[in-house]
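Input: structures, listed below.
Presented sequentially are two complexes of chain A, the first with chain B as partner and the second with chain C.
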Partner chain A sequence: MREVAVIGGGMTLFRRRLLETGKELSYLATKMAMEEAGIEKQDIDMVVLGSAPDAFDGIHIKGDNLVDGCAAAGKPYVRVFNGGGTGVFAPIAGWWHVASGVADVALVVCEEKMGSCYPHPQTAFRHIWDPILDRPLNPNLVWLFAMEMNRYMTAHDIKKEDIALVAVKNKRNAVGHPCAQLADPNITVEDVLNSEMMAWPVQRLDISPPSDGASALIYCSKDKARQFTDEPVWVAGTGWTIDSTMWTNRDLYFPQYVANAAKMAYKMAGISNPFKEIDIAEPYDPFDYKELHHMEGLLLCDKGQAPILTREGVTQRDGDLPVCPSGGLLGVGNPIAATMGQKVCELYWQLTGKAGKRQVPGDPRVGVGQAWGDIMQMGTVIVLRK
Partner chain B sequence: MAKKQAMPKSAPGTHVSTKDIVNKKIAYTWWEPEVQYSWSVGPAMSRFLEELKNGKIVGRKCRKCRRVIVPPRMFCEHCYGPTDEWVYLKDTGSVETYSISYLDADARRIKEPILVGVVSIDGASPKHGFMHYFGGMKPEELHIGMKVKAVWKPKEEREGSIRDIIYFEPVKKGGRKK
Partner chain C sequence: MTFLEKQSDPTSFMHWRGDMQADYLYTNGVAGNRFFAHLKKKDTFLASRCPQCKKVFMPPRMFCEDCFCDIPDKAWIEVPARGTVRVWTVATINAHGKKLKEPKVIALIDIDKTDSAMLGIIKTKNPDKDLFGQKVKAVLRPKKKREGTLKDILYFE
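And now, the complex of A and B:
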């Protein structure tokens, strides 16, 4: 496999609804990434699009609808998606285009437009459930998270106060992010605990919002990297694993499939002690407990220990292991696939010292990003290193 | 060294508020899909749903990995071979996890919460069960590990659906059927 460098990233504003079409948002994010990398459309060999369920946009096979915005007209192009896992899976797919040698320069675009769906994007989520056993019960997607959160809390005797700390940290971290939808410099644990009860144990401020937005990332091969940049960041490892669809046949307290994906990525990156060797983590945080659940899945700590690290301040921006310094999905927003902006672009910006007000101190060198999707079964992991 | 440009260097995009839409400040177009589906449920679930009509829960046994699997399937996803036989399970089990939901399927707020969760079915392998409602108890009584029993619709109202079970209620003290 060839070594692959990241040379540019871009992101649009994340908001509940944006005026621009998905195509236009893809263009805006891509254009920013191209400017950072210092390349033009003709320099791009191949394009990967990540976008989650069609039902949000209401445009089926939306990959072809977005082509022009993705600088892909006339080029090899493929869309990949595995629900929430897409934000890290699309950059994994972009990586293999260059690692395999079939492309020298590859562009990854991730787009989501959830605001078009009425009365609420939740309505579109109804279409992902099993039609025989689940849909007759009129499920809401929040139930899944509530059931997993409850199982996790019960298995380790975790208090809601400790989980709320994650929402507080991430919404405060997002204050330095120009694209952020829900940044809040003054939010407290009490605010989270007093917010509206949605589906116990999930409350309003435990959840990231639905959003419109797009993000983009540009890769190039090692032999071309010096042409574009003096400070390349390398893809050191990638991993992805899916578990069975039968989520009522396993214990939800630990995401084994995330651990399997992490092991695959760490092996490739030569990482044997993730907590010591990783400087920044961007685990997928659509809900506050998910950051903790995924820190454990990423083997950054033992099972049940993530709330303790959080309480002790280890995961703060200036802690020993900053977690979600971008502000995460909880603070910046959750346009599903486009969260590549927080989970992968952010690592690139942090490792190159370009994260501005969000910059993690101490010259971070290794970062791990992760996403999670389908029906509580998909883990996608990427390790970047400078 | 020159100061690096912070990234993302801007936040392109234009926020649209609900007010903008209601007041028609922006141009938009509208579409309501009218589409319906009918799914054949396959051999495993056909038998499962038929047995629900009889007031019974069935699983499939895989002799190779020794699992008793529910919901049943005709092949084992682990051993990747056919499952071997039908097994009648009990209509009791324990609460694996649960939620108390104030949201309906469209995320609209509801006053009376829905009690929902996963029931591990007695007679199946550990952690093998399905999602269902709970009832016959106060929300605060519901807990993980609670022993529960299916409450069935009257036989003449059953139609071969997971909803032939109305909900799972707490097993009465003494373990006798009411």
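And now, the complex of A and C:
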């Protein structure tokens, strides 16, 4: 396999509903990444699109609709998706293109326009279940996460206050993010604990919002990297795993599928002690407890220890292991696939010192990003290193 | 082996009946908003011209997909709401296989002064006529009834 460098990233505003069409959002993110990388459309060999179910944008085969905005017309192009896992899976698929030698320069675009699904994208989530075994009960995703959160809290005797610290940290971290939808410099644990109860123990401020947005990332082969940059960031490892749809038969307090994906990525990257060797982590945080759950799945700490690290300040931007310095999904927003912006582009910006007000101090060199999706079954992991 | 059986009774299996209902609100987009705001008030179309390759897009776009550059506001132009039929077809049955009361003529129309074509319905008393190269103009809703959607273009004739 060839070594693959990241040479540019781009990201649009994330908002509940944007005027721009999906194509226009894709164009804006792609253009920004191309400008950062210093390349033109003709320099791009192949394009990968990540976008979650068609039901959000309301256009069947939406990957084909978005082509014009992805600088892909006339080029080899493929769309990949695995629900919430897409934001990290699409950049993994982009990496294949260059690592395998079929492309020297590959563009990855991730787009989601959830605002089209009206009045609320939850209506699209009604159709992700098994029609025979789940749907007759009219299940709702929040029920599922409420049970997983409850199980995690019960298994390790975790207090809600400690979980709420994650929402507070991420919404405050997002204050420095120019794309952020829900940044709040003054939010407190009390605000989270006093927010509307949705399904015990999940409350309004434990959840990230639905959003419109797009992000883009540009890769290039090692031979060409020096043409574009003096400080390339490398893809050191990738991993992905899916578990059975029989989520009912899992323990629910430990995401084994994330751990499997992490082990795959760490093996490729030669990482044996993730907590010591990783400088920044961007675990998927659509809910505050998921950041903790995923830190444990990423083997950054022992089972049940993530809330303790959080309480001790280890995961703050200036802590020993900054977690979600971007502001995450909780602070920046959650246009499903487009969260590649926080989970992968952010690592690139942090490792190249381009993260502005969000910059993690101390010259970080290794970052891990992760996403999670389908019906609590998909784990996708990427490790970047400079 | 060929399946000759045309339709079996699906309800003869044990089953669950579901739907995939979801409703949508599609935003016009940056270019679309400007195009439709114009169409609500005027009897012409707005198009946008790429500053690099000079290609004229109708309906207009905020970017050129070939040059991958912005098309700034000042590069937008007004063009007449008419064009030339490039190719057409005549539909005689509907999606359920029923014969239409009147045949429906559908055409790809190259819009004058642009490098773009649009799909349009052609109203003609003579659907069997050869329409290649026929000059047609858009018939719009009365101004008071326009709502700023593609439906404001009733048909071409």
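As a working rule, the second predicted complex is superposed on the first by the 386 of 386 C-alpha atoms of A that agree within 3 Å, B and C clash if a C-alpha of one lies under 4 Å from a C-alpha of the other, contacts with A are read in each partner's own complex, and residues count from 1 in each chain.
FYI, a residue touches a chain if its C-beta (ideal position, glycine included) is under 8 Å from a C-beta of that chain, and two chains touch if they have at least 3 such contacts.
Predicted model, so just to flag it, every value in this text is computed and none were measured.
A.B. asks: Look at A:209 in the shared chain and tell me whether it touches chain B only, chain C only, both, or neither; answer first, second, both or neither.
C.D. replies: A:209: touches no partner chain.
A.B. asks: Is A:237 touching anything from chain B or chain C once the two structures are fitted on A? First, second, both or neither.
C.D. replies: In the superposition, A:237 touches no partner, neither chain B nor chain C.
A.B. asks: Identify the partner contact of A:123: answer first if only chain B is touched, second if only chain C is, both if each is, neither if none is.
C.D. replies: After superposing on A, A:123 lies in contact with both chain B and chain C.
A.B. asks: Looking at chain A, does chain C or chain B touch more of its residues?
C.D. replies: Partner with more touched residues of chain A: B.
A.B. asks: With both complexes superposed on chain A, which partner does A:58 reach: first (chain B), second (chain C), both or neither?
C.D. replies: In the superposition, A:58 touches chain B and chain C alike.
A.B. asks: Could you say whether A:23 touches chain B, chain C, both of them, or neither, answering first, second, both or neither?
C.D. replies: Touch partner of A:23: chain C, not chain B.
A.B. asks: Look at A:41 in the shared chain and tell me whether it touches chain B only, chain C only, both, or neither; answer first, second, both or neither.
C.D. replies: Once the two structures are laid over each other on A, A:41 reaches chain C alone.
A.B. asks: A:15 contacts which: chain B (first), chain C (second), both, neither?
C.D. replies: A:15 contacts chain B only, not chain C.
A.B. asks: A:151 in the overlay: touching chain B, chain C, both, or neither? Say first, second, both or neither.
C.D. replies: In the superposition, A:151 touches chain B alone.
A.B. asks: Could you look at A:73 and tell me whether it touches chain B, chain C, both or neither (first, second, both, neither)?
C.D. replies: A:73 contacts chain C only, not chain B.
A.B. asks: Once the two structures are fitted together, what part of chain A is touched by chain B and by chain C alike?
C.D. replies: Comparing the two interfaces on chain A, one with chain B and one with chain C, the shared residues are 17-20, 58, 115, 119, 123, 126, 131-132, 136.
A.B. asks: Which part of chain B faces chain A closely enough to touch in the complex?
C.D. replies: 4-18, 21, 26, 31, 33, 37, 39, 41, 45, 49, 69, 71, 77, 96-108, 113, 116-118, 127-133, 139, 144, 161-163
A.B. asks: Would you mind writing out the residues of chain C in touch with chain A in their complex?
C.D. replies: By the definition above, chain C touches chain A via 16, 18, 20-33, 61-63, 65-68, 70.
A.B. asks: Would you tell me which residues of chain A are touching chain C in their complex?
C.D. replies: 17-21, 23-24, 27, 30-31, 34, 40-41, 55, 58, 68-69, 71, 73, 115-119, 123-124, 126-127, 131-132, 135-136
A.B. asks: Inside the complex, what are the residues of chain A that reach chain B?
C.D. replies: Against chain B, chain A makes touches at 9-13, 15, 17-20, 25, 28-29, 32, 36, 58, 115, 119-120, 122-123, 126, 131-134, 136-140, 142-143, 146-148, 150-151, 154, 178-179, 196-202, 212-213, 244, 246, 248-252, 341, 345, 349, 352-357.
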